[in-house]
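Reading through the structure tokens given below for one structure.
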């Protein structure tokens, strides 16, 4: 339990006694005077907020939230805070970062060959890494971990909560399967021409964007061919076929407009060839604002990288205009925001939502971009993204209006467990 | 507001090495005069003076670059010949004050370890992007000091982010001497402390030698006169006795101040408390050294500490010494307990507020970590609005000895006004206009760089990737420190 | 410098004969004549200590052990004012392979047999005797996914068991940057393939006839993966190379694995020794890895002493240095304790064997006296 | 600035202005006991007054952090806090450590003879590292800036008690001067000629230190003589002034008559003696040459040691201390004769050891002690908390047990002039002591209580 060692007198609204964070240790408060419906079993955790931004467009005022067995059991607005229940200014659903980049660096990508669709990054995720706890403290409750983008096709991503059991298989969410790849300069960054240098497997791989794009098309063509000619089968062919059939989301990192265009043309070529239609998500699409038409045409989902002071980001020097989120949403595209795993400080996911609002995005669209939209990409809209009865009890507690520069996440609940105590 | 004492003119004319000094000395005075005559007035929806409650439908009258009247529209009459900026939909705030930065110079650090005779005037670049960023984020007064990689650095100056020459930008010359208690590269804290003390010991030895030479000279001429049988026409020494809270060399009045070596002379000013000191501390142990050097050499009263984010652990020491501090742009620091491997977050301004130590915030860039954003983060951690705004207006102003001159909208202050589209600490509001010394210097609608950042509008003629220089990170600051936020 | 001392000691041995009641020219029982040693304290190796215990051995094998064990006629009796214990056993060693203990040309070298890399008279091996180490498991250096088959060797003499372990690096120690596998998921996929359709040594390992030596790597996640891998394929064996085994004690016991405690180094040491104490509380069998020549042979006893300082009982430490280590290496029928039928690998100490302050006075391997400390006049008596 | 009477020692005490100047800024040289007023009585079955000198069932009384009485028949005054234990001995000291120092300062290569270790001490290091050392029984550490630089500067002795502020950490702020000869830089060896010339440079530095002190004394002497002659001359001039005035008027008058231009008389006197340029480094080397500061030289190879011993033989009052000394046996007899202590690093080094440690083995301490050399045991910055464990390793390889205990207590105190303060449990000493549940330096022995200046810092309940 992380506590801010220097308590400020300023949080005047918080006056309840310390909250035991072990579920089920809630003190029995006296029976409410009015007739209680059939004695519902006591809640594991109860919270009260002046405003609950449910994420469904509705804002509940003075709402009392009850949590039982990791789910939101009841959500009743217009209530005063009972004795002993922590009160906060605002509650939103726990934020979701699809590009948290919490991989274990070069141990998380198999570079012996540039196409490894079947390898699951879960094998290299280190849940003891401090960054999980830091991310949880900023209000991010669910993340997607992908392999480092040093391969053309890196393999399978894994969706995890930022707090929970310490084994990856136990913490893995049954989300939509993800195939991770990259277009741009990074997949060929470590490669060099064969002659003149000691030959190792870095000397026979693409050294240009054309080569990277060729590897993508070759992988899909071979996968389709392998269905008919078993001797052409290779590990990961099934993954590629699932991607073509739309059963596996294809998440491609493409910073610049040139690379985004390559990704969209790849999808359209697959459709033209009749191989299938990729469920395409562009990660780190900084320059998506330059040619939005093709994204609309292909109804591609875009995950934006963090906003920077100068606008430049990424190894290819892409320029992210701050109104990109607003521009794409206005054209009907689904946009998610990401903070690339930033810990507590000036650039958390909450701050990225604020910067997107500075670029013109409305509050509701910003809230969607960090909760419901990424939840939909993961195919977990039935569990994550909104504050409603029956949903997972993943909550971010704020000491002011969410995403404002003058407020921050003071409490976090994941699966009903108080990870950061709002006290 | 611009000090006009005669000794100042004398000092500039005489002590600096720069060849251009002569003509510079007089030209900057004239330029300040020219603007004095014009009158300017601002009528805004609400005027936040930060020295009382906000005035709705307020008026600010500026004459000769100075605010002469602030009040509601009905009881302050706007002079007939004043140019009026009528923006009823905007809010007026005093310009923000950056207490210490080494941005805005072509190279912030000087390779010579002990160089108090240098002046930042010679390396400030008036057309640097940094000053444009200051306008855009509402900073109207900036104290430029040399970078942290030094032992005793150059003399700094307070400037405003407007003006084609350094003289036009000048607000106050000699705003302080930069000293570093953190080691210069290639040295460690042991050798840094040793060299720092040796510098002041060197000054003392130099002064003692001068006095000894003078005394020997006087004794010799007295004996010669006796031998030759003539009366000695005693002319008294033309110098000034040394006054310092630290240590003094008795008999310094024998030595005319001009004869003190130019390289040592700024140090003497420092020891005599005639120039403030800005001491950079890269770690908590540096704070002890900085306070000891300042106390032993008599300039603790005019010392401001420039702190790295790890120095919060020495807050008690700082409170006891009663000095004010400029905080690092990193406001949240994460530390790991080596025994339990638990991580603990510390909100640094909170520590200094609780201990009653006056502190100023500093920015790292013009948006994601600008002064207003840092103040907003203080509110997010429990500060009141007044406390947060004071940390970027009144407190830095008093550190620069400009309280009542900048950082507030009150009669007598400089005519520096921000017009914002809403609460300046909100992500969704912008600085629309900036008035400095009664001149409109910034209008967001013509700011092509903000349009480029916010709307991706590529200004014509700048098709190629106009590489914007990254704000130069003081690389040594983060050496060996795992750092909190990414 | 050391070999020169050996001739020096032999000369001294003759000079010191005067103290011994009756002693033939050299104290060696190889040629059939028996030898007996009486020590103030005889550490059998299972925790029991016999006051004034006598051990008799002939033709390299212990025949009698006991308080009043009868000394057969004509047998030379050596009186030793100090302690006697079985020779120490190091569980992960590279001495004797002369730096050739790892073939980095390919990831999997499953049939490589370290027994053929062992040179008994290599200079690296002599240092072990001075520290009372008489037996060690020669294992491949970490670096390849499957390094090969470890051998159990007697210090300075022959290999006593060839296929002691199959050495596997499941963690980051098995990865390199310029050949397969370069990622943890790549190495896990390769190991799954090798053990799900096992052939050759993999088949014998899955059948349980060949224990594995798992280098789990240092982080807790990698140790978790190693334990999960062993349980998934029903493998028995030893977990090595990790400094964070304390927190995983329960999981290790559930998986039925043994542990080799890695070297105590001042900076990372705290976790290693606290891990040993936690393992001993959970009754997980453990021994000590050494890894000379890069680590000085004295580190074996130093690590044991550091564990005692952190709370481990000294009898448990001695058991970990001798009998448990022998069980883990699968040679408990040959070495590891002072019992009839086992090899006469004995060490004479000036004090408690687990006290680094005790000197190694003499070392016997297979009944041969292979080392004797120089007798300095003010013999360090306890 | 007027210098006092000119004797070699007193001049050195004044030292160059920087030495004086720096001294005033710090606590006086004598360590400041943390006074806590209350009375503590420690009773033990075996009380090691000093290695080899053990009292049975003895009691020790402490007041204000100083040992008042030690004896086997003392009555415990009422009101005293009583601590019982099996064995009591003096706190161990690491003569070659870095606990409490800022990391980069210990490996700084830009240090010179005047750099002070106390400037590199960091009171804000996490207290847990100091707690580990105390729990292992180490109560004081001699630290050094620039441990591997040619001139490490002035070392200091720090207490391992929890640090409130810098002053409370410092037991002795100038314990020694330091030099490093022939140390490989990050493992790759330096060539032999560079090493030998480094030794000669050190010897010449000591020499220039001595000359500097001589120069100061000579200057003070000459100045005094000059002042005396000038005072007499002035008195005479005062007396003859009237006559000189009359002569002068007469000469002016004559010159005017002859129309010649009057020329003043030429006055000559000998010049005021110039003071030697203040040099902080030479001031430190002067204190080394006079024997006031021991000189700890980190040196390993026999060739350099012979050169050093030969070069320093003529400095009669120089107190040399060898640190490292891997091949010290080659000059053991001369080291014993000149009573030069050797700080041995009893760590088991594997095959990948630094070049200068190539001949190192664990029996070095034992063999040196047998050859009559004064042996100390140091961690060389590798973690003072493990020194007692490494000391038992040295015992296991031939070092006599009492000599090992001495190497951690009395010998350290004697080498750094702290015998009146630390190292043994005698009246007047600072109450740094350990209460153990067994013989010292056994792995089974734990520190039940650790006292620093009479304050109980480790007790059974605050163990980890």
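In order of appearance the chains are A, B, C and D, and numbering begins at 1 in each one.
Keep this in mind: a contact is a pair of C-beta atoms (placed from the backbone, for glycine too) under 8 Å apart; a residue touches a chain by one contact, two chains touch by 3 or more.
Quick caveat: nothing in here was measured; it's all calculated off a predicted structure.
In terms of C-beta pairs in contact, the better-connected of the chain pairs A-B and A-C is A-B. With respect to subunit D, maximal separation of chain centres occurs for A (centres as means of Cα atoms). The geometric centre of subunit A is 60 Å away from that of subunit D, both derived from CA atoms. Taking each chain's centre as the average of its CA atoms, subunit C and subunit D sit 44 Å apart.
Averaging C-alpha coordinates per chain places the centre of subunit A 50 Å away from that of subunit C. Chain contacts in this assembly form a single closed ring in which each chain touches exactly two others. Of all possible chain pairings, those that touch are A-B, A-C, B-D, C-D. Partner subunit D is touched in their complex by these residues of subunit B: 183, 186-194, 197-198, 201, 204-205, 208, 216, 219-220, 223-224, 226-230, 283-285, 288-289, 292, 296, 313-314, 337-339, 480.
Listed in rising order, the residues of subunit C touching subunit A in the complex are 172, 175, 177-186, 188-189, 219-221, 224-225, 228. Within the complex, the subunit D residues that touch subunit B are 1, 17-18, 21-22, 25, 102-105, 107-108, 110-112, 114-117, 119-124, 126, 128-129, 145-146, 153, 165-166, 230, 233-234, 237-238, 241, 243-249, 264-265, 267, 269, 272, 278, 280.
Those residues of subunit D that touch subunit C in the complex are listed here as 132, 136, 348-352, 362, 370, 379, 382-383, 385-386, 389-390, 392-393, 395-398, 400-401, 441-444, 446.
Across the interface of their complex, subunit D is touched by residues 124, 266-267, 269-270, 292-299, 301-302, 305-306, 308-309, 314, 352, 354-360, 376, 378, 380 of subunit C.
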